[in-house]
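Next, two complexes with subunit A in common: one pairs it with subunit B, the other with subunit C.
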Partner chain A sequence: MDAIDTLVEEFARLPGIGRKTAGRLTFFLLKRPRDEALRLAHAIQDVTERVVFCSRCANVSEDELCAICRDPRRDPRLICVVEEASDIRIIERSGGFRGLYHVLHGRLSPLEGRGPDTLTLELLERRVGEGGVDEVILATNPDVEGEATALFLQRRLQPLGVRVSRIARGIPMGGDIEFVDEVTIGEALAGRREL
Partner chain B sequence: MDAIDTLVEEFARLPGIGRKTAGRLTFFLLKRPRDEALRLAHAIQDVTERVVFCSRCANVSEDELCAICRDPRRDPRLICVVEEASDIRIIERSGGFRGLYHVLHGRLSPLEGRGPDTLTLELLERRVGEGGVDEVILATNPDVEGEATALFLQRRLQPLGVRVSRIARGIPMGGDIEFVDEVTIGEALAGRREL
Partner chain C sequence: MILLSLELQGFRNFTSLSLPLDSRGAVLEAPNGRGKTNFLEAIHYLSLFRSFRGAPDSEVASFGTRSFVLHGELTREGDRRTGIGVAVDGARKRLAVDGRAGRPAEHVGTALSVVLCPEDIRLVQGSPGRRRRYLDVVLALSSARYFHALQEYRRVLRHRNSVLQSGTQADVALLEPWTEGLLRHGAVILRERLRFLTRWGPRFAEISAQLAGTSAGALSWRYESSSLPAGEAVEASLRQVVSVEQPVSIGQAEASGMLALPDQDGGPASYQPAARRPSADFPDAPGLDDVTAALRAELERRAWLERRRGVTLVGPHRDDLSFHSLEPSGAERDLRKFGSQGEQRTAALSLRFLELEVLSHERGELPVVLLDDVFSELDPRRSRELLGFLAPGQQVFLTTPKPLALDTSLDLPRYTIAEGTVRAA
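After this line comes the complex of A and B, so read on.
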């Protein structure tokens, strides 16, 4: 297979990109100056080589602790639990949260065979168990699996003597945190209710 | 700027990819095994390093002559002129054409300041001037600028004693060759009319 076909194939592996779009992206890069096309290649290499998971919250990071966990102005008594590291960026953009995060890297999904051990649950329980945490806000997506995951987490965390709350249903049911505007995210955080 | 932001930026430079999609692609790659993410980076590098333009027809190629120009079964008396190298793949898929190609790498566009010298016109005139070409089929897009480019080419090529034809308007006016199905492409080639 030649270089062009290989690149079309690789682009087509990305989510939401079909073969025609993959072809367009490939020929777009072919027409750009070489440096510019290589910048994308180098950015991908950098990400795969430099990005690791934060040892405290499992967020993506270039150091052992992520930038949020290292920030002394953040309130360590408040932990917001999200499904994916990408959700953190959306919540941060709302400016409505000054605590720390915890990234589950997924959610419970019996249909897809994803049980509690596929999540970073032990890490979260250890954080809460060590003390100093007043409240855990569950910000999993407000759909069936996200709700089930929140309920499961609530049952595991409440015995540890921590307040557990759920992000307010400002986000429409069946929606995806990634596609909600910042204002709604902010309101949903402010209107969280204790479980 | 950290590695993740850089990659989001680079993805967002691609056509049709906004910042949110760029973020999704970045986090998709972060969750894949490292080898798999690097395959995309390497494919981009390969394309930028190995792909050149065919010295005869200006198609993309990994050798001095592209695979179509090297193929002895192709009819060198017939040249199909296209705007972009990507159009060749679409026409090839129709299976309706056994001649050679010529890639203009653009079209005339006075509004965007693209005159005849931005196209591979000299190369095409040299090919036709060298003889052995019976017919040049103009397969520029059937929109205003593509039609103007075809008219311009017809006036430049006809004095060289070659038959000049235009791909049939099977493709809807204002359309883009890239988005037409193979059958229509085949019919349009068969129904070409002499200019």
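After this line comes the complex of A and C, so read on.
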């Protein structure tokens, strides 16, 4: 396979990018000045080499602990569980949450062969089991898979003696956290219900 | 609604077609095999974004291709025009409403149409899936809540079956979240179906009696549930609704003029809009909690069997609807198995009339009516009934292989189809 095909192939693997777009991106880069195109390559290299997962919350981080876990002003008694690290950025923008996070890196989806062992569940249970946590807020998406994941987590966490709640109103049924505005997220967190 | 224009590219035998449409509709007259049904299929595709014949998109695309495009412009009373475009390329389906991209689920029913065709008889004599689909389509187009529940339910079901397929080893803790999802959305579906059947049962009886031309022809329907078994210990109120025995009060209906038989010219005189009827005429359907409890109990009862079979055995996806005639002896006859062709056709036609009436009522607008060669199957009296059922101003597209010999005031422009083109006849 030649170099162009290889790059098209790689782009096409990215979410939301079909073969047509992959081709367009490839030829766009070919037409740019050499160092400009290489900036993208370096950025990708940087990300993969420097970014690791926070050992406490599994958020993306450049250190052992992520910036949020290191922040002494955050309340460690409150943990907000999200599906993806990208969800944290959205909740943070709402400015309404001062606790810590936990990133599952996915959700239950038997159809795609995703069971509990593909999530960072053990890490979460260990965190809660160590004590010092009052409440776990489940902020998985309010769709079929997110709801199932929330229920599964609730069953696993409640025996550990922690309060478990679910973000409540605001997020439209079947909506994706990624597409909900900050005000709505803030309201949803404030109006969470205990499970 | 009124469909103002239709454009097709690579849709069945229409390589490229762009046609302004008359607000009254049209008669498409052409020998069989010219693609008359394809034309109706295209109009209906704009409603549900799939073929009403159950054909996969690959089959809808012109022979030897994988892609097609269709675009329709429609208008509704007191509203601006709306353009709906669909582009299918292989497995990819893109949608634009007024030029803005959208998901099919957001725009299902934006264009509203109902098809009547000879295959409708399979609604009665065919598999339960056809009858469930009938309920699902009518209810989803009537209620956003039902539509949402239905979509979620189907997704949960696939996940749950996937867990069950891991066999008797399937972890209880892994199954539970999907069981809860199944209950949550399944209960909404079940309750809405029961409410619908309770509420519209009397109209179904009236319409079928009207079509049969005699009050003795009134049909009843009954919901056959996989989760609300008759004869089991179910809540009393629930059982009442589960076996919805329609108290067909023909006498009353006749007295109120609802069963008025058509006058000789078969005009719309016999049409009784549902909107004028009191809406409190259906008994209380069971609450969501009752339905959920019954579903849960049945799921628990059959849990072991589900594990053995590796599939979800309880829920609205396993239910059926039966149609019954009342014999002079007082006995009931199940038309699915023991109905004559004529009786089955009457039941099917009644279901379609009801669909038109329900959608007009729930949506507050008249669906476009698509009649695919229906008159060749009907006697003149029932043909008149059918035409009498159409509301003034309702857009109608009908196909026929030979000139229609209908004694009717229906005045429609006539078109013919040849070589993938539609022309004025």
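The working rule: the second predicted complex is superposed on the first by the 194 of 195 C-alpha atoms of A that agree within 3 Å, B and C clash if a C-alpha of one lies under 4 Å from a C-alpha of the other, contacts with A are read in each partner's own complex, and residues count from 1 in each chain.
Throughout what follows, a contact is a pair of C-beta atoms (placed from the backbone, for glycine too) under 8 Å apart; a residue touches a chain by one contact, two chains touch by 3 or more.
Bear in mind the structure is a predicted one, so any value in this text is a computation, not a measurement.
In the overlay built on the shared chain, the residue A:85 is in contact with subunit B alone; subunit C does not reach it. When the shared chain is aligned, no partner comes close enough to touch A:65: not subunit B, not subunit C. For subunit A, the partner touching the most residues, choosing from subunit B and subunit C, is B. Of the two partner chains placed around the shared chain by superposition, subunit B is the only one that A:28 touches, whereas subunit C remains out of contact.
By the touch criterion defined above, A:12 reaches neither subunit B nor subunit C.
Judged by the touch definition given at the top, the superposed model places A:44 against subunit B, while subunit C stays out of reach. With both structures placed on the common chain, the touch criterion links A:160 to neither subunit B nor subunit C. Taken together, the two complexes place no residue of subunit A in contact with both subunit B and subunit C.
The part of subunit B that touches subunit A in the complex is made up of residues 2-4, 6-7, 9-11, 13-16, 20-21, 23-31, 34, 36-48, 50-51, 60, 62, 84-86, 89, 105, 178-179. Put simply, subunit A touches subunit C in their complex at residues 18, 108-111, 115-116, 143-145, 147-149, 151-152, 155-156, 173-174.
Against subunit A, in their complex, subunit C makes its touches with residues 92, 148, 151-152, 155-156, 158-160, 162-163, 173-174, 176-178, 180-181.
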